[in-house]
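Beneath this line is the structure, given in C-alpha cells, with notes to follow.
Read from first to last, the chains carry the letters A, B, C, D, E and F; within each, the first residue is number 1.
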Amino acid sequence: MKTAVIRKEHFNAAHRLHNPAWSAERNQEVFGKCNNNNYHGHNYDLFVKVIGEPDPETGYVYDMKELRDLIKEHVTDRFDHKNLNLDVPEFENLNPSAENIAAVIWKALRAQIDEQFDLKVTLYETERNFVEYPA
Amino acid sequence: MKTAVIRKEHFNAAHRLHNPAWSAERNQEVFGKCNNNNYHGHNYDLFVKVIGEPDPETGYVYDMKELRDLIKEHVTDRFDHKNLNLDVPEFENLNPSAENIAAVIWKALRAQIDEQFDLKVTLYETERNFVEYPA
Amino acid sequence: MKTAVIRKEHFNAAHRLHNPAWSAERNQEVFGKCNNNNYHGHNYDLFVKVIGEPDPETGYVYDMKELRDLIKEHVTDRFDHKNLNLDVPEFENLNPSAENIAAVIWKALRAQIDEQFDLKVTLYETERNFVEYPA
Amino acid sequence: MKTAVIRKEHFNAAHRLHNPAWSAERNQEVFGKCNNNNYHGHNYDLFVKVIGEPDPETGYVYDMKELRDLIKEHVTDRFDHKNLNLDVPEFENLNPSAENIAAVIWKALRAQIDEQFDLKVTLYETERNFVEYPA
Amino acid sequence: MKTAVIRKEHFNAAHRLHNPAWSAERNQEVFGKCNNNNYHGHNYDLFVKVIGEPDPETGYVYDMKELRDLIKEHVTDRFDHKNLNLDVPEFENLNPSAENIAAVIWKALRAQIDEQFDLKVTLYETERNFVEYPA
Amino acid sequence: MKTAVIRKEHFNAAHRLHNPAWSAERNQEVFGKCNNNNYHGHNYDLFVKVIGEPDPETGYVYDMKELRDLIKEHVTDRFDHKNLNLDVPEFENLNPSAENIAAVIWKALRAQIDEQFDLKVTLYETERNFVEYPA
C-alpha cells in the first residue's frame, strides 16, 4: 500500500475573472463581482500531495524540505504578491479561475517530480471555495 | 483528468438520536447522551464537492454562486435553526445520525445537479466527528 | 506583571431565544429564526482565562488539569448534550443568549476559583458570533 | 461589568502599499513585494467588537443581525472584490496598510453605533499578520 | 454506496529522526534539524476513517464512542506525552517519520476493527506537513 | 488611540516539567504525564503583539518583516527543533511551563524593541492550553 505526504504553502495574489471574447455585459453577468475591472485578491492556501512508498532508509516518501523548495521555486516565488492576470505568463490567455490555477500549479510541479510518484493539488481560494486537481 | 470544486456551507440545528422501536433503556445504552429527551444541537459544517471538467469559456467546473444557491434552497434553508427530528420531514422515520443526514443532503442535491457531474458530501457534526458520503 | 492561562472546552446544546412576556409575533420579530419553537442548537466553544502570578515552584499560574476538571464539573457536565432552556435550571427564567450563557458560566466558575485570580470567559456560539464576559 | 459581542465578517480585495511622495526605489526598499506595481490581494477577516450591557428583555448587548447588516452596508459591500487603492475613496490619499484599513473601518462603524457602546476592530490580512484598533 | 466516518484525536510527543546505520554527518545532512540529539516534539493530530454501511437500526457506520475508546487504548494512551524513539516499542528499530508513525497506528487499529470495514489514517505532524495511509 | 500589530510564528520543541528540588513522586503527582522522563513535545504557536502609533509615511506601527526577523533571530532559531530543558540556556534552572516560556520570550524581545512600543506575547502549547504575558 502507498502513503501520501502533503505540504501546505500559501501565496497572496490579485486576480480578475474575465473572458476577452465576451462583451462587458456578458462578463459581468457570468463572473459578477469577480469581474471587477481593477482586480480583487485572495490569500491562496495550496496543498501539494505526493504519493509513493516510504524509503526504508529514511522513512520518507519524499523529503518535505525538498518539496517545500520545489513549490517555492516553481509556484510561490512566481505567484506570491503578484497579479495573476498581468504578472504570471501562464494566465496571459487563460482565465485565472481556481480550477485553472490548480491545473497550472499541477503542471509546473509534475515536471519536477519523478513519475514514480502520483501528484495532486488542492487550492483554497477562500475557506468556503476550493478545488482539487486531479479529482 | 477531472477537477473537483468544493463549497462550504453551514447550519445550526437541534437533534436527538433515538430508535422508536427500542425501549428507553436500549436507546440510552446505545446512544448515550445523544439520546437526551429534550434534544441537543450542533453547528454543522457542510462541504459539497462537484467533480467534472472545467468549461473552457469560463474556467469553471460549476458556477459556485449557483452551487451556493442550490445548497441554500435545498438544504440550509430547510435545516438551519431547525429541529431535525421535528421540523424536517426526511427524518420523520429516519434517525438523524451524521451518516443519515449526509445521505439525505446528497439525495436532495443529486436531484438538482446534472448527471455528468459526480457529487460527494462531507458533514462535520463537531470538529472531531464527521462523515463522507459516498466514501 | 501578571500572566493569563486559558483553557478551551466545548459543549453541544440545544436552545431557543424567547421572551415569555412577549407575544409570538414580537418574539419572531426580535429573535427571528433563533425563536424556532422546536429549538435549534450549537457547538459552543468555551475559553476560560485565569489571571495571576506563576508559582515559582511549579511555573504554573493555575494547574490546567484542575481548571479542566472544574469546568467539567461546574459547566460542561451540566450543559453538554442538553437543552439549555429545559434542562439547565439557570435558564428557567433567563433567555439563553450567548451573553447570558457566558455570564452564567462566569458565575459558576467564579465561586470555585480563589479571589486572588481574575477570571474571564469567552464563548463562541458560532465561529462568526461570540462574546466575552467581563469585557 | 460589561459584556462584549464580536461578529466576524470577511472581504477579498486587491491592494498595493505605496507612498507617492517617495521614489520607486524607496518604495521598493520599504514595502518590498507589497509594493508590486500591479497589486496583489488578500482574504481579509474582520472582527467587530461591541461592548455594553445586555438588555434585560432580550439578553442582547447588540442585535447581531443588525451589526451584520451595518458591517455589510458600511464596510464589506464597499470593500469586497474591490481594489482598495483604486475603488475605495478613503484610500485615495492613504496607504492601505492593515493598520490604516482597520482605522478606516472603525471610523465608518463608529458613526453608526450609539456612543454608549465601545467599539474595537481586529483585521487579519493573513493568518500570520493582523491588527487591532484601538489597541 | 458506502459511508465514511472520521474521528479526530491527538497526542503530544517527542521524537528524533535518525538512522543508526549512518554517520552523524549523514544523519545531519538528510534529517537536518529533525535529527537534533536531544529530540524535539509535536502536537500530532490524528484522523481515523472507517468506511462501511450504516446500520439501519442505529444509523451508525461505527459507534464513534467505541472508535474513540479503541484509539485511546491502542494509540493515544501509548503515544501521548511520550518520547516515540525511547518509550514506544514499535520505534525501537523504526525511524519515527510521520509516514512510519501513520503506518504503525494503522496496523494497531486494523487489528481491532472488523475486516468488513476499510480503514485509513491521516496524521498531521504540523499544520503544514501531514500524511495519509494508505494513500 | 494606539494600534496593535500581531505576528504569528511557531516552533516545535521537546520539554519536560520537573522540579529538581522535589522527589520523583512529588514531580509525578504535580506534573503528571508532563513529567515523563524522556520528554514529550509540542508545536508551539507564538503571537507577538506590538502596540504603538502608525507612522504617517508608511502606515506601519512596526515593520512586520523586521518583527518577523527579530522573532526568528531571538526566539525561533534558538527554540525550534530543540529540547527546551537541555538545549536552551534560559531553562537550565527554570521549569519550561508555558507561563515561563512566554515570559522568557517576552524578555528576549523586549530587549530588542524600542520602549515607545508596548509588547505582549501569547503562546499556545496546544489549541486547548495557552498563556498571555503580560495579562
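Observations on the model:
To be clear about the criterion, a residue touches a chain if its C-beta (ideal position, glycine included) is under 8 Å from a C-beta of that chain, and two chains touch if they have at least 3 such contacts.
Just so you know, these numbers come straight off a predicted model, no measurement behind them.
Both chain B and chain F are touched by C, E. Graph distance from chain C to chain F, where chains that touch are one step apart, equals 1. Farthest from chain E in terms of Cα centroid separation is D.
Relative to chain C, the most remote chain by averaged C-alpha coordinates is A.
Computed from the mean C-alpha positions, the centre of chain C lies at a distance of 28 Å from the centre of chain D.
Residue positions of chain B touching 2 or more other chains, listed in rising order: 127. All chain pairs in contact, by the document's touch criterion: A-B, A-D, A-E, B-C, B-E, C-D, C-F, D-F, E-F.
Touching chain B in their complex are the following residues of chain C: 10, 12-15, 33-34, 36, 38-43, 80-83, 86-87, 126-127. Interface of chain A with chain B (complex): residues 17, 19, 21-22, 30-32, 94-100, 102-103, 127-135. In the complex of the two chains, the chain F residues touching chain D come out as 1-9, 49, 51, 54, 57-61, 63-65, 118.
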